[in-house]
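Structure in structure tokens, see below.
Chain naming follows the written order as A, B and C, and within any one chain the residues start at number 1.
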Amino acid sequence: MFYRESGDFKTTYAKDTQTFPIKLDRMGYYTILAIAFVVIPTMLVMNVGGGANYWTNAILLPFLIWAIASIGLNILVGYCGQLSLGSGGFMAVGAYASYKLMTSFPDLSIFIIVLLSGAITAGVGILFGLPSLRIKGFYLAVATLAAQFFLVWMFNKVQWFYNYSASGQISAPTRSVFGFEVTGATASAEAKYLFCLVLLVGVAWVARNLTRGRIGRSWMAIRDMDIAAEIIGVAPLKTKLSAFGISSFFIGIAGALFFAVYLGAAEVGEAFGIQKSFLLLFMVIIGGLGSIFGSIIGAAFMVLMPVLLKNIMVGQLNWATDIAAHFEFVFVGALIIIFLILEPHGLAQLWRLLKEKLRLWPFPH
Amino acid sequence: MNATAESYVTEDGRTIGAPVMEMKNITLKFGGVTAISNISFDIREGEIRAIIGPNGAGKSSMLNVINGFYHPQEGEIWFHGEKRKPMKPYQIAQQGIARTFQNIALFKGMSTLDNIMTGRFTHMKTNMLMQAIWKGPAEREENLNRDIVEHVIDFLEIQAIRKTPVGRLPYGLQKRVELGRALAAQPKLLLLDEPMAGMNVEEKEDMSRFILDVNDEFGTTIALIEHDMGVVMDISDRVVVLDYGKKIGDGTPDEVRNNQDVIDAYLGVAHD
Amino acid sequence: MSANFFYTIEVIANGLMTGVMYSLVALGFVLIFKASGVFNYAQGVMALFAAMTLVGIQSGQVPFAHLINVIFGTHLDKFGWEVPTFIAIILALLVMIGFAFIVERYILKHLVNQDPIILFMATIGLAYFMEGFGDLMWGSEIKKLDVGLPQGGNVWLESATAGWADGFYGFYLDNLDMWATAIAIVLVASLIAFSNYTKTGRALRAVADDNQAALSVGISLRTIWVIVWSLAGFVALVAGIMWGAKSGVQFSLSLIALKALPVLMLGGFTSIPGAIVGGMIIGVGEKLFEFAIGPYIGGATENWFAYVLALLFLVFRPQGLFGEKIIERV
């Protein structure tokens, strides 16, 4: 009754295609932005409840960074229909690119470094996307495993990538944006948080713009029926490569942030192994294939769920941590199957259905 | 009929121009099977050209040759007075040839509006950076093209299903949306592969009306494959008849109707 | 003949035997893919689960002991008996058949007519589920699997061939590998015989060819699915025994499934001979590459060689070695 679209007439095409066509949605969106940009940082600065660092490291940063990566993968899988299991490897490219850039150009702004790392990853992504013209479906998925294993191996074996350090690890030096440190041991929780938040909002905005127009439609055309896409003038290779490029650009940014801002130090096999590729795929499936909003809630879900399970089983029930970890596997696996059976469009679709109901509430007919 | 003949005016007052597309001695083989053997015909500007023939006569293969899915082993294709080099289907689309399919080939995950908007793809030029920023050129271009698409939607009388995912639409409407997607491209040559297959009488009448209107209002050149002889004879200017990959007749509906080879092919002859 | 030549032969022989092991896992994929069009990512985890179940039954472990202990505060561990190997294998096989029923009943039935890619992702979910479930049921520590197969290098062969060239100390081949190869060959032969000469086998092939047509002549698709998943469970059990005996029953066992994927890409998803030949090419290829080039580029090339080889191969021949040519109809 209060959530409705009647009486809200659209008089221009621009208004008809806006991201949040319903007034209440727009208000909700601005409220969330206000909370994200003002309320949460204030709480972090004031250290409300005393756990600012815990909250930032356990939930906020992983959520923001995975959301960026998940938007990236969703563009490739959800919009363009090209299944990739190489995301972990592409994140590693972003991470190692940012490390090399940070150590080679100490004066370069971290913001530029992160974007450049994304661009380098995009190049690598396009390279591994080349076979997609000839290989389709899960043949391609398996081919992307080549990217995953080869890249991880390369970053492990070629010492130049980790500046010949004895441990084989890379660790992020202190770098700042506008005088605020965002990487390194001394960076404050709120600075890291805001830095990642700005990037997430930027990525989401660009992704939304790309998917609403000509390019997004050409991706979806390839996804839904590549033969029909060709007869309307969509060049298959160029279109698929653009999806690989954009997708890897975002995933590369996420990889750079994951290493430089979140972990601080990383070893490639552990930080960017095949499990990360699957984790990201699960975020996209659970959140909703072909939905930017879904990518974000998928990431939130997959970040929060283990924390919650662990708190309940280890914190409340006093179970051993390994049993909790096994339960997490069972739980995630079951969820994936349930979502694919009941709601292939994921949490985003559940949310849409809820709004549909809400539109009629309290008069169901 | 002579390929260089001048234009003429039909009984109902439409002007038919010089040939836009000429197929010269096309032969297409799949392994040992010859799908099309040495066929030549032309399509004139502004006309409705029908390709008919029994099942397996090579009609669909012919359309696939025209829009580049198949590459003939022999023969030449001339489009707008130029010999066409072997091209990919998407390059041919960019030249202004649009088509619909016998089995509907819509983008199932998208709405009616988005499906028809994809038809505008070759006309939209903003680059990826502008698309990413959206405000400015990309949005302007989107809205200009949306305007054209809305005209197509009005023309086909499908306003009510604008935002419905096409997968949920009944068969007849899906066919109409597919026609809309081809029309949105404002093609120079429109290929229709059995636009009325599986339709009831009422839907067929609607579709015939749309085809005639498209041809009449926009002067679009149309080549179509159809099994319903009544419809074909009613709406087309000239008909080419194929049988077992060979051309057995070509001319106006009346000429074709009285052609002995065509009658034999359709009614069957006793071989003894 | 130099020693290097003989060492190369040894590398090839070892590669062939590893390849057969890959083929064993790949075979499970092919069976399921042919009959139901499902690309079963969980095949590797099935092998792990089968091996865990076998060890658990053999050593008389109480299922879910850890879980029951933390919930009820009990101290269960083992029943205190040992089950003979042969009976344990039969019981483990029964568990795998039961598992096939569950998969059909709760997953496949609900995903009929979905895109292959959705089914593939569902099996990734299944793999996660089984991995956690297996750990909860039998514990996640590394287990030793002994089914009475001989272990260690073959001394006879080594001493018989020593001294064939200067600096050559004889062929070192693992007994277990040789046994595994022999068993794999028997398994493949019997699977081919099964599919060619039995009524069920014919039904399987009919379904693989055209499931609508198979339905219309009275073949029950659901029964067929249970049968192929049971067969795949059986193959997984054999693969699990071989790999488990070789390197212990542990998480990394499930990763051999990933190695089977490039094997399939080479051999084609629908061809049993393809899986065998693909496995051998990958096995020999990666061992030779590591032997000849590995030392110059840092080693451990086995991690990626198979995938890159398959990737390059596919670019030139998308249907694989034995797959049918993909014809796209408009």
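We adopt the following convention: contacts are C-beta pairs under 8 Å (C-beta built on N, C-alpha and C of every residue); 3 or more make two chains touch, one makes a residue touch a chain.
Since this is a predicted model, take the numbers as computed values, not measurements.
Closest to the protein's overall CA centre, chain by chain, comes A.
Among the chain pairings, A-C comes first (most C-beta pairs in contact). The chain with its Cα centroid farthest from the Cα centroid of chain C is B.
Separation between the centroids of chain A and chain C, computed from CA atoms only, is 33 Å. Distance between chain A and chain B, defined via averaged C-alpha coordinates, is recorded as 43 Å. Separating the centre of chain B from that of chain C, both taken as means of CA atoms, is a distance of 51 Å. Residues of chain C in contact with at least two other chains: 330. The set of chain A residues touching two or more other chains comprises 227. Listed for chain B are residues 69, 101, each touching two or more other chains.
Across the complex, chain A is touched by residues 67, 69, 88-90, 93-94, 98-99, 101, 105-110, 114, 117-122, 124, 126, 128, 131-134, 138-139, 141-143, 146-147, 181, 185 of chain B. Across the complex, chain C is touched by residues 81, 83, 131, 134-139, 141-143, 145-146, 149-150, 152-153, 156-158, 227, 274, 278, 281-282, 285, 317-320, 322-323, 326-337, 340-341, 344 of chain A.
By the touch criterion given at the top, residues 39, 66-67, 70, 107, 110-111, 114, 116-118, 120-122, 124-133, 135-136, 140, 258, 261-262, 264-265, 297-301, 303-304, 307-308, 310-311, 314-315, 318, 328, 330 of chain C touch chain A in their complex. Partner chain B is touched in their complex by these residues of chain A: 12-14, 17, 206, 209-210, 212-215, 217-218, 220-221, 223-225, 227-236, 242, 246, 290.
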